[in-house]
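What follows is chain A paired twice: with chain B in the first complex and chain C in the second.
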Partner chain A sequence: MLKEMLTLLKKQQKQASLSVDKLEGEQTSLKEKEFSRNLQGNLSILKHLYSIPDNKDIKLRELYLEGFNRQAALLFISTITDVKSIEENILKPLTENTSSDKKVKDIVAIQMVHEITLYKDAVKDINKGNALLILDGEPKAYIMDCPDFQSRAIEKPESEILIKGPKEAFNEKAVANISLLRKKIRNENLIVEAVEVSQRSHNDVFVLYIRGLANEKLIDNIKERLGSLDVNSIQNLSLLEEYIEERNYSLFPSILSTERPDRAASFLEDGYIVLLMDNSPDSLVLPATFWAFFHSPEDHYLRFFYGNFTRALRMTALFITIFTSAIYVAITTYHAEMIPPDLLLAIAASREKVPFPAVIEILIMELAFELIREAGLRVPSPIGPTIGIVGALILGQAAVEANIISPIVIIVVALGGLSSFAVSDLSLNFAVRLTRFLFILSAAMMGIYGMTAVFVGGLFYMVSIKSFGVPYLAPMSPNYKSSKDTIFRRLTKNETLRPGFLKTTDLQKKTTGE
Partner chain B sequence: MRQDKGKIGIKEYFAIISLTVGAKLSDDTPAIIYENAKNAGWLAALLIGILSFFPIILLIKVYSAHKGKNLHEILLHLFGRFFGTLLSICLLIGGTIAVIADSGTYVDIIGSMYFTKTPAIILYIILMVICAYGAKRGIEQIGAVSWLLLPYIKITLFIALIFTFKKGTLGYLFPFWGEGPLEVAKASVKNVSIFVDFFYLALIMPLISSYKDMKKGTLISLVFITVELSLALVAYVVLFDYTTAEMLNYPFHETIRFIQIGFLANVETLFFPFWLVATLIRFSFYLYLIATLLGGILKIKEFEYLIPLIATIILLIGLSPDAPSITLYTVREKILGLLSPAFMILPPFMWIVAKIRGDFKNETSL
Partner chain C sequence: MKLRSKMMKVIFLTAVTLSLSGCWDHKELDEKAYVIGIGLDKHKIEGKVKVTYLIANPEVGSQQTAGGANEPPQEIVTLVADDFISSRNTANTIVAKEISYDLLRVLIVSEELARDPDFIRIIYSATKDREIKRSAQFIVSRENAADFIKNNKPKIETRPHKFLELMIERGQETGMIPEADLNGFFRVTESDADLYLAIYATTEKIEKDEAQTTDDDLLAGEIQVEGTTNNAQFIGSAVFKEGQMIGRITGEETRISSLLDNTWATEDILTAIKDPFDERYKLSIRISQKRENKYKLIPEKGRPTIEIDVPLFIEVYSDPSMINYAKNREKVKELKKSLTAAIEKNFTEFVSYTQQELKGDTFDLSIPMRKEFATLREFREFDWMKTYPDAKVKVNVSIRFGEFGRQSKLPKLEEVRD
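Let's look at the complex of A and B:
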């Protein structure tokens, strides 16, 4: 009852705040106007909108068109337009034209020419790098398609490194990224929809999916979520992720971010949805399950046994990262009888001079490792990690000699730390590293009992969370029809089904050829 | 496509049963069976399995005429509002006492075998907090976790059994019939309520994706558990001989203390976590069952909110006995003795009433 009232109250407040919401300083009323027949009038409004001449890269070129016998003006932002194209394909044909009954469309040599009547649309298109042409005596304007944003070229992936497989990565230009995807999926049903997500900066998010495969409800759900955002600016996908994910306080990521077009393409082909955005050298794949974070595309590029060997290694690494330190704490503090006597004596001897309990020792060392790792990441050169590891070794050596840390703790922590690098996905990596501390604390408090309790509680949590309606550990548990690509993969020719939890229109993706 | 909301499939159903009922081989149930059946305890276990087959099949038959209703609703339908509710309340009380005694026993196992210095109340609180959390997540999640962990739990159990057989003397199994076939039969009839959980399972039968899956899952898991329990009982006798096995309150834990794997002399901490996982899942499921029943009786739709309350009550009562290993053992024995006739009689009774009322008429096939 109280809860309902509270939610109702919140809703009302939200509505109130929405209606008040007007973008101050955006000159909205001016933008709603229509173009007039008077060129000078139009220009003065545009000059006002673009703060000409304060705004240095906005170029306004007035010219006289002999063919039409009229004054005209061309407006564009020189830093984001293809100036050469403007010169060659717009200005030159227009000025050289002598016939008076040709239309503008037929004169300019530009891919797309639109006619618009509202200032709102004019501003929107100019901001996207297009040029605007106004003729005297016409209550409309022409938009010429000629954007040229600066960006870097297509390079090799940097965080998802493979030995075998394609070496292209997404860059900050959405157009280039879409082109990389279209290169892999040559199908007219690959749909690229644009949704504007911010009011001031007008950032577009491209929603990619394969029509006829991806679940329509899911697409609508995502488009609705994107459309309902009420923010001034979202620069890139990494920032967008937090706006559209369901559990912001959860340790586990629920949207996969990948910089590899081959990976994004294979997700698309399975019926997932991919988001792209300008300024993001990556893509978001959703819905994402635990397995999506756990897998690497190389598992499939390598031969069957090699790929599965890597998977086994990665799973082991995952468990080592989460559990070694905690198990060390639990066993030395609560279950010493479990260790064979010789080893027990060795551990006791090495810990003899150390003044701290095992858990403090481990926490000191784990913290040191995390610090070195973080610092090494920020060292501005590719040798950063190397310095970090050298630093860790020297620090460890000194700490042992100073009797602050026992040598066995160094082994335990280093093993856990190194294993954590085998978990390649950044989000999952963080999740794993943070859970590790949870387990260390529970082990310190209640030994194996505490660890098991936290483990089971965590598992209950993991199976109950969902990413866009898909259970996190699907298809393993709860069980769905799928190609069973979870911890291990099957032969590629036997992976005949798309994941059942996506509720794709077509479940079968190939036949076994029998 | 499977997966209607809030339903579980056959795999999850099987996993839940084999973890919850299967966990019984690791508490003091074996001791209770050995007490009467001596070294033929494993035969008694097989007999119990065969005996409980009849009430279970009748229960399924009754359910087949009332698809979509849970146990409480079926009882209401068969016996009318008053007697149905009364029966449900009796079941609720019986179930709650059983869970209290069981959870007390498990806490006692943890406290006396592994964490001797930790106060029982802390162990109990942790157990109940995690189980209440799990139960509150719902049946789907319990099923998912069970299915996820089932292989590992059963594999470790299997390993433990293999090492037990390696170490044991098969001759301890003879005489084959223990104190005679009659004694074995008596022991089985007395303790048939070890599988009374199956009766309570009727509470979640409507939550299984299809009737066929439910029937198949129930019967497969009954066979699986019977064999498993019987194997474990053989293992304990083979390792300890029946006089010792009878004396041991928690033979499973003594077994994993006793065996040795290669250079590792003390392996109980290796098996302990797996057993604990099964325990946690088990009580989560029981809490969920009790909450379903209580919610049904009190007509509370969102019965998940009852779970913390039930967990607290169980915790408070379960903590009260002074010498849990003795008190709870007797309580458990008494409950088993009480529930056995109920388990054997109630389903046939329900079936007869359903038959008289003519519920089976408009039904095409079983």
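Let's look at the complex of A and C:
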């Protein structure tokens, strides 16, 4: 059956790749044409392309320009353009102009004016919120820069919450996001390149890096990957992530997603590459190592000891999440002699009336916990607190009283669940939560021996995988020259090196202070 | 594509085989009966033993809500078996759960069985069973082990494992009972150079006419206790030579043994010793060892000399003669001299007792002595067990005083009585 599914999947992929070659319904042949001298001819083609008058927010304004003594037409999409600017900076100067030897460029009060000759370019720019001006008798058109997309304002981060540190977060407008980054890196070498990644929706991905720092090969590799995508539409970075990552079936994430501009900026300054996109309230940082997911910017914002204390806590929490349930299962089913007698008897007593083996018990509770978590996430906010009460109180208390679950299991699962929240990165959080089940199953089958085997196997795997050519556990293993910001951080003034695995042009980022 | 389907197959097959074959030692906690102690007694028929199991009831005392409040904290099963390995299954004809030795804390052997030359054959089964830990303590009971277990009913620590654990731990701290784990028994028996001490305990009371004159020169059962407490007493040791019990020593002798022994740390010996300033009274002193003993062997023809330096740290807690020695250097010197002499005398007496009566040392003397020999063969040819009784043993005690109680000064008797 699996085989059939796989062949089906492959067929679908083939079909998909075929259809991209010729985008049906896109009127590609029309777009390839050039503007003619005849205004009415040009307009009829544009009307055809934009389905005027069916398409209600496409505005076509025909006017007579006295100064040029010519008929003209202005075309724009009213929902994504700055209508006021069109009125005041384009229409008004044009109609009030009386001299015939002035050029269009000199009349309108618009930042950027391009001249184009192909319909293809015209369509592309109009779709980006620009206005198009055509004059009768000219085989070209003017593109005037006046986009105004609706979006929300810059708000506080919601998933990467800090107590100390900047409180701005990316929003869905790439321009605003780039502005936030430029605010932090005032350097002309911060390059913002745009790569179009989809054919129908024309989504742009902005590739940000610092020229002269970031590894050129890496930049080329990423641009190549982005350019070779053959897709109709990629709405945002979360979707893009899956297209460009190397191991789709891996449990561990290989691209870091952050909604904090300060974090993205510090990665840029270290020579990483950041991807931005419209409609994404976050950025992608690559390549990403395990440590990037493990760290939080607050580790550096807090004082040395406080920051390292949180790091230690987070590492402990990580291991608690992965191992508590599994250790409970392993010890109670295989290694009872390891438990101190008082605890052993207490566990035995509490399990006396429980009908299930320890594994099933743990799995039931883990599942319940995951359910509460998922339901709590999706539930409309007015009834959110209710879910918490129902989940925690009714499920936990009643399950114990009904002798379905022993109270110790509640402690074990709750501890693991609680600790999992300390791993703040969503992707790593999922990875940790899923590996936990792997460990529970191995513990149930072969005790501590099984757990050790899976742990060793997992370590082998983690050491072997790479993110854009960078080993996952670098710079710890394999060892690279770096500031050794792994489990613990050093004093900020001692963090003098950029990570060696990025092969940046300039390794030193500050003097050693000697 | 082909590779992937092959991989799928491999993963699927390994998953199936694992799920079919796994769970070898799997046993849920609540499906086991936890044996805290095993009692061994002689049976009329040769080759058979009476095995007594002391099984803990996990539901008592560990949880408020678990119920079972009306159940007894322990269950005792005595049956006749060939050894205490095969008896596990026999016991399951009475006990519903699988008998588990996971929590086995003590092995209790009756004095009668321990003195049997065949005892060693029985006890060595403990090395065969995987679940029996070598850290289990070894107790010899004056009466039958079955009776000891039956009569041992602690009033406050009703859970048997807790009582035994605390009782033995505290007894070892005060030096009244020896550190006696199974591992030590096998080690001493196999090295065949020293004597092994097991904990001596009883629930029987020995009525003695004479008034009790010491607090620790006694054996289990001899301490006169009144009140509503448990009737088990843990004091003194059973002495084993070559895997067979040959005698017993009192609590005081056990303490001396512990002080002479470097491998064995006693922290809290409170005892009384004759007041050098007034014959009628006794001084309460607390002895501890802060530094290690030093041993020296001077080989001479026929009769080697052994010198043992025992540094003691002593705190004197009473002054019944009200002599106020704490503030008087001369008196302290006098006190030190008399204490040294008294303790040295006790030590020497005990050593000569072990040489003459027990024909072996009870304080692991062969361990520090091994250093004196160049090779193991030399040591073996020396034959410690045979040589020790004839050796000249000299014990030197050196005393360092700690504080003399919280308040070192006492009022002058004449002034108070004025």
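Keep this in mind: the second predicted complex is superposed on the first by the 487 of 514 C-alpha atoms of A that agree within 3 Å, B and C clash if a C-alpha of one lies under 4 Å from a C-alpha of the other, contacts with A are read in each partner's own complex, and residues count from 1 in each chain.
As a convention for this text, a contact is a pair of C-beta atoms (placed from the backbone, for glycine too) under 8 Å apart; a residue touches a chain by one contact, two chains touch by 3 or more.
Source: prediction; values computed, not measured.
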Touching partner for A:447 - first (chain B), second (chain C), both, neither: both
Touched partner set for A:496, first chain B, second chain C, both or neither: neither
First, second, both or neither for A:337, with chain B first and chain C second: both
Touching partner for A:345 - first (chain B), second (chain C), both, neither: second
Touching partner for A:354 - first (chain B), second (chain C), both, neither: second
Residues of chain A contacting chain B in one complex and chain C in the other: 334, 337, 446-447
Chain A - residues contacting chain B, complex: 331, 334-335, 337-338, 340, 446-453, 455-457, 459-461, 463-464, 471, 473, 476-481, 500-501, 503
Of chain B, residues touching chain A in the complex: 1-3, 8-9, 11-12, 110, 114-115, 118, 122-123, 126-127, 129-130, 133-134, 137-138, 140-145, 147-149, 263-270, 272-273, 276-277, 280-281, 284
Chain A to chain C touching residues, read off their complex: 2-3, 6, 10, 332-334, 336-337, 341-342, 344-354, 357-358, 444-447
In the complex with chain A, residue positions of chain C that touch it: 1, 4-5, 8, 18-19, 22-23, 25-30, 32, 34, 56, 58-59, 62-63, 66-68, 100, 102-103, 105, 131, 133, 159, 161-162, 165
